[in-house]
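Heads up, the next two complexes both have subunit A, just with different partners, subunit B and then subunit C.
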Partner chain A sequence: MSASFERGVNSFREVMDAPIASFFSSCVHCGLCADACLFYTETGDPKYTPIYKLEPLKRLWRQEYTLLGKLASLAGLSKPITDAELAEWSELVYDSCTLCGRCTVACPVGNDITYMVRKMREGMAAAGHAPEGVIEATRKTIEQGSPMGIQLKAFLAQVKGQEEETGIEIPLDKAGVDYLVIMSSMEILGYPEYLGSLARIFKQAGLTWTVSSEAFEATNSGIQIGVSDIAREIVLRVVNAAEKLGVKYVISPECGHAFTALRWEGPNLIGRPYKFEVVHVLELLDQLRRAGKLKTVGKTDEPLTLHDPCQIVRRGGVVAEPRNLIRMVASDFREMEDSGMYNWCCGGGGGVSANHRAEELRFTVFKRKKRQIEGTGAVTMVTACANCRNVLEEGLERYHMDTKMIGLTELVAEHLKEDEQA
Partner chain B sequence: MKEQETLAEHLRRQGISRRSFLKFCVATASLLGLPPGMAPLMAETLGKVRRPSVIWLSFQECTGCTESLTRSHSPTLESLLFDFISLDYHHTLQAASGEAAERAREEAMKANYGKYLVLVDGSVPLGEGGAYSTIAGRTNLEMLEETAKGAAALIAIGTCSSYGGLPYAHPNPTGAVPVSAIVKDKPVVNVPGCPPIPLAITGVVAHYLMFGALPELDEKGRPLSIYGETIHDRCYRRPFYDQGKFAKTFDDRGARAGWCLYELGCKGPTTHNACATTKWNGGTSFPIESGHGCLGCSEPDFWDAGSFYQALSTPLSSLDKAAGVAAGAGVAAGAAIAVHNRAAKRAAKAGHQAVTVNDLEK
Partner chain C sequence: MSDMELLLWARGPGLQGAVAVFVAGMALRLIEIYSLGRKRDLSPARPGNGGAGWATIITRSIPHKELLRTTYLTYILGYTFHIGLFVTLLLFAPHIQLFRGVLGFGWPSLPSPVVDAVALVSIAALFGMLAYRLYHPVKRFLTTFGDHAAWLLTMLPLLTGYLAFHHLLLPYTLMLAVHILSVELLLVFMPFTKLVHVATIFISRWYNGDMLGHKGARL
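== the complex of A and B ==
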């Protein structure tokens, strides 16, 4: 079997549901989503209007699921969608959409455009129009366990390294503990301090936790490429490992779409509720802070700003937590213009950072973030998503900016009160 | 009053200054939506006109419309303008009675055939051969048809003559109809309201005198300039509506704070009239300023539009049979389409081939 136009169209028919029908029929063509989209505002090209990215799906819906549309296609007034069209739309659906969800919050009639792009990708992938880079990441996840090709060996080496760095033992495959920690491959590869930071924070707070040799990877390429069959398989790895260990919570790491995959899409993909709860690491840290179990000393007086990761903040609802935590350790926190729910994407979410052909476009739209950062005058930018961080670091380098970057968990751990460790 | 006297001469004789007359012309011009520069021209033109003959027919009515014009604003320029027209026949106002009165009407018709204006208040009953309302032994229908024949135009004053009004309300025992249902071959201007704003009546007359033609009308036969906008659009409480601040009873906090009366049944949003701008009682106020919602008196069927205290958004009555059948058919069609669409989706699901990493390329 291989990808084909027919399979793609069949997928379009499959994903058509009540929300999509009501979204398409309630669109008033106001165009407000265009001004909400990074790719439109930074290029001025109307083809990047979010709702336009769904045009083939919309046409199929009208032709096959509405009475007038059926009559119009019978009368030959409406052309059927073609494979060439889908090929043309591949750029719009994959390169110029990071599933950031800003169009969704801007839509005056409440259409979840992001949801529809995610659904449309099902058909695009089945028709063979997913970009090469994203296909490659997905293949590596399925065949090797991680989109960046990181294998267990490499993960265990980083665990060992962090144990040596912190002098704290990191439990592996320990059943019956409360928390399971998983990581994104970007963290394993580039920012392993995240794990060491957690080890120190958890020691201070007295939490029982473990990492797993069967599920250390939190990311889910199946969500980004838009193939539920693959996304389900990837999510099940974490679900099976967590349920086998009998943990009460799985901690979603500093990774945007990993949270979306595990927290929101996962139970729907596997068709049942989990036997554990998913908590985002920022939610957990803020809970500890409120319970008085997170104790820090001193505050950095460096001007510092926050890049809100779309999937965690806008799509995930974790808005106040990062701010509470930053204020705990920083005296000069400066919000960006359009922060929180209305923050602008780094430009590399939703699979775009894995998609090589989108690279130039990604740097073009980074100009928005550049303006935002410059507007704050901050010297350090905090974020809570390793993918955002990597994309931002590349953007900063491209535009010769010397803004420093740090993960929020790491920032908190830097100020941890050492003598309070239990 | 001498026959050949002009309006200007007449007003001067009444002790009305030119300045007051100009003010009236400015108000009338603005009500009619004419450019400000038209006011002096209007004064000049109106000042020169000679008394046109007017026959006022009162049918099934309550005299409120006449009250509106003559009493509530007395003595004003509006009423003086009315004095000025040669009101050759008006039950309530004329001194003559009996055969003399009817003779006056017939003479006026003969002398001004094709040129006189007919103003009508009240609806015309058609039930029982028109027996519900007769004048001088003749039915209203007969009198209207006869009088309309030689008229230049007819002006229906008030909601009864415009749309049937109270007599027309369900179950309409007298078979009442508005003027426009009977007179088809002459221009009919509706000036609805229960009663209409005095300036709306004189405005139409002034327009006719000045331009020799009737003002532009909306689809309900009303002068666009006066009835072009809703009370709601011009209401001083509109900002509260926009903020969702509504009085819930007539004596709650919202009512005292002057919040929107929409939920207390105000019909402002669907009522076209100039009350909110010209106001009543010499520009003193209009009903909403007194804390009561608009009744919608200048709209057709306002008596049958549910309780005055029922919010506009509430349905007036249960669905009648036709609506029920239509709704049923709609539901059935919707269900059929839904079943079909579900089947299409099920078929697509059944045709689903699991996508593996090897299926991502062609």
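== the complex of A and C ==
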């Protein structure tokens, strides 16, 4: 894919739709979105105001999609967007936006700014202004099938490791089962115990499931960089494997953007609905809990808090489930200030954690999460996104905090009633 | 042209022309938006949130406490100004008379001294918004010529109405004419400035709520 300014501008034209036109029309420059964005609140720099991150897209809209703008252009009263400008905006669109969606729920006129940043990234990537780290992840996805360069061999080694750890066989490429389990790249590399936890939970609940040698990874860097062609290719890999195996459900892992990619963007990317359902692992676990198929013993007494992953909670609608599950196994659960729909991002979503250029900024904005964690007095922080977890662990280390971290599935599995099968 | 002739022009052809531009302009803006269309979302929606778009049109007016804490001044000024403007516009006896003349029906008014006080509060809030815009780093950073133009277009009818009611500055007839002309100016420019949000806010809030509701994250 050769990037050029013209391709970028054409992409801007392609994504322009009625919602975007209504959003730009409605903006009154009140600046409330800045107060909802941790990149502004933690730096105090007005350039990080969410709506400002869209300025080039807004100018193009005004110049080409409004009568007054067209007249102004004809009269030479408005200056066209330039490649240099897009280069300048790369930092705003990629480094200082995690697509967390907090501005979208704050905007009083109802602008879905996150939706627009996601769309704008399509043009930015086409114009060649995506950051190096995210381009690299995307290149690896194309060449090696994985943003982190994970090969099947590495995945199978983790599967074997978890089989040994749990003493439970993990089915591979088993057709006709109900559930297909996929993992985020981060889980495969750093948190394989997620898979072992699922094996134990599913054994107890009596579910039939499998992993696939053709689609084991859910992370979709195409979504983060804003290249729909690649995003489609990555989604199709999962769809093809799932439909070939004939599973009823694909379980989206503890990964925020994987869920967004597979659950919400996927059918639109491939242009048709799936022949299976996508269920987030927390939704499934909560269903099992309600059905009495998830049996735990004891509760941890230590104070414990939850970091809500943006794409799963605010932009995914999975709000009550993690809380139900935590309360099942913890006696001292403490909500953060601004939790749930209004939670603050870890600072590394939306491709920011893969973007080396943004690293210092990411640590700066982590101060918000630091204050939130400290406010709870919790010893352990639970989350349900491997990318959040990795970003949070790096932040905790940077600020010399000794908060422990655990994935929610893993936490539930720790309390699983042993030797009990449904 | 005498003051009375100006007033008669403003109330007659002036008003008709302004309303015509306003209606055509608004229609154009709506066509510009809706003609862009929207792709159908093929991902299965979470059940039970079909009305999320409509609900958000209402619910987005309620600031959430998390946001209110840091941005209360924007909300207080915004609310005060908007409520004041609507009370002045819709509950002042002479305005209702005008609406009755056009629509064929009217509604009860508030006592004039009450509307007078509300108008003054609304004017004060609008000045407060301008001061805040010039002072607040984010607002100042975002501000364009259009923001100031919109402020002036909104301020003029309130201010001239207040002056006319109190027989200040200009002879009453002339001030009344200026007041009506200022409303006409507002009507003419409304579709082509950010003031178009009087209509598009319903569209953008609907899309916002619909998209969030589709995913089950209703607010």
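As a working rule, the second predicted complex is superposed on the first by the 420 of 422 C-alpha atoms of A that agree within 3 Å, B and C clash if a C-alpha of one lies under 4 Å from a C-alpha of the other, contacts with A are read in each partner's own complex, and residues count from 1 in each chain.
Convention: a contact is a pair of C-beta atoms (placed from the backbone, for glycine too) under 8 Å apart; a residue touches a chain by one contact, two chains touch by 3 or more.
None of the values given here were measured: they were computed from a predicted structure.
Engineer: Mind checking subunit B and subunit C on superposed subunit A, clash or fit?
Structural biologist: clash
Engineer: Let me test your reading of the model: by the given contact rule, A:A130 touches which partner, first (subunit B), second (subunit C), both or neither?
Structural biologist: first
Engineer: More residues of subunit A are touched by which partner: subunit B or subunit C?
Structural biologist: Between subunit B and subunit C, the winner on subunit A residue contacts is C.
Engineer: Please indicate which partner A:D229 is in contact with in the superposed arrangement: first for subunit B, second for subunit C, both, or neither.
Structural biologist: After superposition on chain A, A:D229 lies in contact with subunit B alone.
Engineer: Of the partners subunit B and subunit C, which touch A:N111 in the superposed model: first, second, both, neither?
Structural biologist: second
Engineer: Between subunit B (first) and subunit C (second), which, if any, makes contact with A:L67: first, second, both or neither?
Structural biologist: both
Engineer: Touching A:R139, do we find subunit B (first), subunit C (second), both, or neither?
Structural biologist: first
Engineer: Based on the superposed arrangement, let me know which partner A:L288 touches: subunit B (first), subunit C (second), both, or neither?
Structural biologist: neither
Engineer: A:R13 contacts which: subunit B (first), subunit C (second), both, neither?
Structural biologist: After superposition on chain A, A:R13 lies in contact with subunit B alone.
Engineer: Hey, which part of subunit C ends up inside subunit B in the overlay, 99-107, 135-143, 189-197 or 207-215?
Structural biologist: 99-107
Engineer: Can you list the residues of subunit A that touch subunit B in one structure and subunit C in the other?
Structural biologist: Touching subunit B and subunit C on subunit A: residues 16-17, 65, 67.
Engineer: In their shared complex, at which residues does subunit A touch subunit B?
Structural biologist: Per the stated touch rule, the residues are 1-4, 7, 10-11, 13-14, 16-17, 64-65, 67, 125-126, 128, 130, 135, 138-139, 142-143, 225, 227, 229-230.
Engineer: Any idea which subunit B residues touch subunit A in the complex?
Structural biologist: Interface residues on subunit B, with respect to subunit A: 337, 341, 344-345, 347-349, 351-362.
Engineer: State the interface residues of subunit A toward subunit C in the complex, per the touch definition above.
Structural biologist: Residues 16-23, 25-32, 34-36, 40-41, 44, 46-47, 49, 51-52, 65-68, 104-112, 115, 263-268, 271-273, 277, 313-319, 337-338, 341-342.
Engineer: Where on subunit C is subunit A touching in the complex?
Structural biologist: By the definition above, subunit C touches subunit A via 28-29, 32-39, 41-44, 46, 56-57, 60-61, 63-64, 66-67, 70-71, 74, 78, 136-144, 147, 192, 194, 196-197, 200-201, 203-209, 211-212, 214-219.
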